[in-house]
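Below are structures written as structure tokens.
The following pair of complexes shares a single chain, chain A, combined with chain B in the former and chain C in the latter.
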Partner chain A sequence: MDLEVKRDRLVFRAMGGKWEWGIEPRYWRNPLIYISLLILAPVVVYFVYPALLATVIDANLLAAIAIPLSLMTLGTGRMNFGPQFYIGIGGYTAALLSIHFGLSPGMTLIAAALAGLVFGFAMSPLSIISGGLYYTLLTLLFPLVFLEITFIYTDLFKGDTGLAGISSLVSVGFFSLNQLVYAFISLAMMLIYLFIIDKILRSRYAVQMAAINDDEEVANGIGVNVNKTKIISFVIPAMMISIIGWFYAHYYGTFAGVTFLPLAFMLKILMVIMIGGRIQIYGCIVGGYFIAFLELLLIRTTGAMSPVLFPIILLILLLTLREGLFGLYRKRHYREYLPTLHVRR
Partner chain B sequence: MAEILKVTNVTKSFGGLTAVAGVSLSINEGETVGLMGPNGAGKTTLVNMICGSYSVDSGKIEFMGKDITNLPPWKRCKLGVSRTYQIPRPFPELTTLSSVVVSALCGKDRQNRSLDDAFTEATHYLEFVGLFSKRNILARDLTLFEMRGLELARALATGPKLIFIDEVMAGLNPVEAEKAVRLIERSKDQFGVTILWIEHVMAVLMRAAERVIVLHYGEKIAEGSPEEVAKNQAVIESYLGERKNA
Partner chain C sequence: MLVAIETTAIYTLLLGSLYLLVSLGFSLICGVLRIFHLGYAYIFIAAIYFTWMFMDLFGWGLVPSIAAMLVIQAGIAIAIYKGLIVRYMKQEEIIITGLLLVAIILEQAAMRFYPIQTGVYLETTVMAGISKIGQVTVSNQLIFAAILGIVVTGLFALFFLKTKLGLAVRAISYDLYASRVMGIRVEQLYMFIMVLVLIPVILAMLAIAPVWAVDPGVGWGYMMTAILVSVLGGLGNIKGTIIASYIIGLCHSTVAFVIAEPRFMGLSALIVVLIMLIFRPQGIAKSETVW
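Showing the complex of A and B:
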């Protein structure tokens, strides 16, 4: 095992494998600018209009769910229509352990991640044995079944009202300052997810995933272990999304399945992916902020009409922006090897 | 020459239709073997079984002395079995270069191979098939001839010992067909691969193959040098039909 530092890259060798990471500072300029803007945004909002911090947190979390979901979609070559299932798993694990056993957020984080990992692993064979519409329907059903379970076992999950009394993640005294800290934590989670998945999508695994997306049989025939790639790219995002569930539980102090498990929440996540940039992870951030702020704007301006106008506007954008909002930028940076969603017939 | 592939009594049925019925064959290292037969003779099914795309109902497949009958396709590829497809199957959303990179990364196990190394090696195979200038073009935008070249580059990049070439001449004009034959001959010389060439065009196999195997209705009806096979009565009848006596 050795690490070699070259002028423009780090070269890591271990167990017969070799990995290279580009470290050229000229590529850091744009990411640094955008990250700085994202870090500055909550601070500006805090001083100008603190009530908007909740929307910033919402946007960060939507993006943080959409980013791993993009990886799951790319790696399995299938669109998962039930990402909120893992939010439910993470959220309920954190809530139950916090309320009944008094575990600290640190401990519930580990438990929620493990629960996401276990459930993700248990569900992962779906990506191998089912495809197309069957996969879509099955993944769509899981959160709805979970929602039913929360109603059936009301004693445990507290049905409609949800579990209350979950310990807070942070408490600095003032509500708006608390919100600012939550905004930074949610931003950190989103950026960590972005960093991890960006690295994956620039690695050898990305080209394998892209090959699986395009033609599984051919990919298998040229040496890609399709099943292994699919399982890994199903389980890791499932775990990441369940951690978001953990955050929701400790952020609100309550957790109810009716908030996260119904189709409305799933549609919002899928819209973040599609409007943002069709499985482009950077597009998820654009999409997250766009959807969160559009929803807020419509509620404030159109009131009762917003549930009707929101999907109509999204539908129009879906039809007109074929490559999503990020696609407008990407058109000028085209023909990268990064995989894009291939609509399966 | 050592035996590289040995197929013993393999059978494959789809419902009530037996596509391949008890076919046995062997290929020696460095050989170019032609596999021919009329449409529906079971040529592609046989290749699909050897490559692992189809499971075998009965029989045994050995590659370099190792039983690979139940191995998944990716493991067979790592051992050195590769193929091209009758109807080209490029990765439509990937560039030509990236398509070959997947093979260079995932094919034969290589020590110390990073993604950048795979890109470098992939350019070598693209140059070999004459597609270097098209390396940044999406694979779906290539012409049929170029797609066949890409398929060959993709197969070679896995580091194979045995390549199945499936009806490479289909849809090509005579000039392109001639180029394709030369390319395959060159790949044999340069990379030392053994070739099983499925082809309808007898003239091509007469020129390129050292031995020809003929399938008809899933059964092997002839095997020998191209000249012997061309004169074989069963082969003539399978292609032209039986002569009716008045």
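Showing the complex of A and C:
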């Protein structure tokens, strides 16, 4: 066993193996450190200030929506402005099946994922037939139309008040302990999404997606099956986001479209992506926690003025952080994969 | 049945003309500036609530309040152009998100200071009372709004087709680089367009404020209509916008009066646009040109 202190790193040798550790925190790239911090955070919060657990759950879920959305943006080469549509699909599927058929959360999870898959597949041709801006405009409209439908069919969706009486995902007796379990489930979901999408982004499919993102015609020319890649990149994230809708329904015990389908919720997700790290999946986690805690802080400190101040602060951050919060952490500028909305020639 | 058809025909004209006012600005911004103005909804909110603010806070009359609102609207448009659009011309995702945030800031501010329950009423009625066209009863103010829509669109078309300034705008919409080479002051013209597009929206809001409900979220619904019309017509093309406005008007009035299910108005228009997109992905008219 040997420990060597070098100028910029510690080198630890034992049993024929060698481990290096950068001394400066900015070189601490090992994701395990941050994952450990994320796992530790709910436990600390539980003992110090349990009321914050709801915000931790919120942050995890925002990041869990933003991560697959980043993949969708990358793979289709277009910005989807209506990811909350799939939250609505997953949430309402879970809520309706749980209330009317008494299905367990495990069964509703399968149903919500299937519903997300089906709707995602039905909507996916949009990424082929409509160009950049047209696609953005239409995806923006879908959740708003869905919201309208929830108001039209109030017998089914219960309009403003939403569906109540959805079975709980967990019940361990105490409220704060329940919250802790929910925090871990939401964290697990986020980390699973992060792991899956990180793997995809390190595979050859990511290169194909990047090619589509840069230029579809060129990608087609070099042998990338553009349509297939686009559809897969659309459908899988749609299903993943639907599952978050399922979680929302079982977590709150109620589900109302008016909470998730309006533009205000979409804006939050968009800001998680933009302020977090501009389509960078690790940045989504930073963004999720930042947005959730900023909102809470503003509500606590400024009260009724917080809905006005919140977008003002976000606007300032959007214009000042060129590569988002995650960009502050990164040393070098990374390749931008955020699709350009082709409006100008 | 005959009454339903008559009602549909009349309301197609009325709604179509009104949608012209609502979507002309959006279409022009997309066509000339090549910007997806996701903050377009703020213009509707600002038109009503700034006017009301001057009347309520300072006790000014309607006309001075409208004049002050116009000054503020122009100021906001210029600030958006210089602070956001010029600086981030190549990063449209920032422009789009920023514009959306501007609209949300104004909506939330309106909601904070003038919540729905306080009620906002602007007495901008020009033609009071109702008229009977055949067997259909229509509000005179709505007829006025429709006439206004046709007149303003006509003036816009004349401006773009018959004036030198309009020719310069068309040149920019055809080819930005060539326009610069020909000596057109593109930046100034962009700013001019940003202010110009306010006119139809403000006129629409002032015309319909006495007859239709107004609340801080009113802009989003109108923006949705503007998006549908612009996508259907071909982004930025006035000719396409005119045709699309009446198609959406026809769709809305058919659903409301023939099928008698007004709840499906939004949904039906979206389906029409989607079907059209399958067959003509660039919209009815050739997009990326003003006319």
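Throughout what follows, the second predicted complex is superposed on the first by the 302 of 345 C-alpha atoms of A that agree within 3 Å, B and C clash if a C-alpha of one lies under 4 Å from a C-alpha of the other, contacts with A are read in each partner's own complex, and residues count from 1 in each chain.
The rule is short, and it goes like this: contacts are C-beta pairs under 8 Å (C-beta built on N, C-alpha and C of every residue); 3 or more make two chains touch, one makes a residue touch a chain.
Owing to the predicted nature of the structure, the values given are computational and were not obtained by experimental measurement.
Quick check on the superposed pair: does A:G173 touch chain B, chain C, both, or neither? Answer first, second, both or neither.
In the superposed model, A:G173 contacts neither chain B nor chain C.
Which of the two partners, first being chain B and second being chain C, lies in contact with A:N213: first, second, both, or neither?
Touch status of A:N213: first partner only.
Quick check on the superposed pair: does A:A304 touch chain B, chain C, both, or neither? Answer first, second, both or neither.
Touch partner of A:A304: chain C, not chain B.
Return first, second, both or neither, reflecting whether A:G102 touches chain B, chain C, both chains, or no partner chain.
After superposition on chain A, A:G102 lies in contact with neither partner.
According to the stated criteria, A:G165 is in contact with first (chain B), second (chain C), both, or neither; which is it?
The answer is neither, since A:G165 touches no partner chain.
Residues on chain A in contact with chain B in one complex and with chain C in the other?
Shared contact residues on chain A (touching chain B in one complex, chain C in the other): 340.
Mind listing the chain A positions that touch chain B in their complex?
Residue list for chain A touching chain B: 11, 13, 16-20, 203-204, 207-208, 210-211, 213-215, 217-226, 335, 337, 339-340, 342.
In the complex formed with chain A, which residues of chain C make contact?
These residues of chain C touch chain A: 30, 34-36, 38, 83-84, 87-88, 92-94, 96-98, 100-102, 104-105, 108-109, 111-112, 176, 220, 224, 227-228, 230-231, 235, 263-264, 266-267, 270, 273-274, 277-278, 281-282, 288.
Please output the residues of chain A touching chain C within their complex, sorted ascending.
It comes out as residues 79, 81, 129-131, 133-134, 136-138, 140-141, 144-145, 148-149, 151-152, 263-264, 267, 270-271, 274, 278, 304-305, 307-308, 311-312, 314-315, 318-319, 338, 340-341, 343-345.
What residues of chain B sit close enough to touch chain A in their complex?
Within the complex, chain B touches chain A at residues 51-53, 72-74, 77-78, 82-83, 85, 89, 91-95, 97-99, 101-103, 105-109, 111-118, 136, 138, 154-155, 158.
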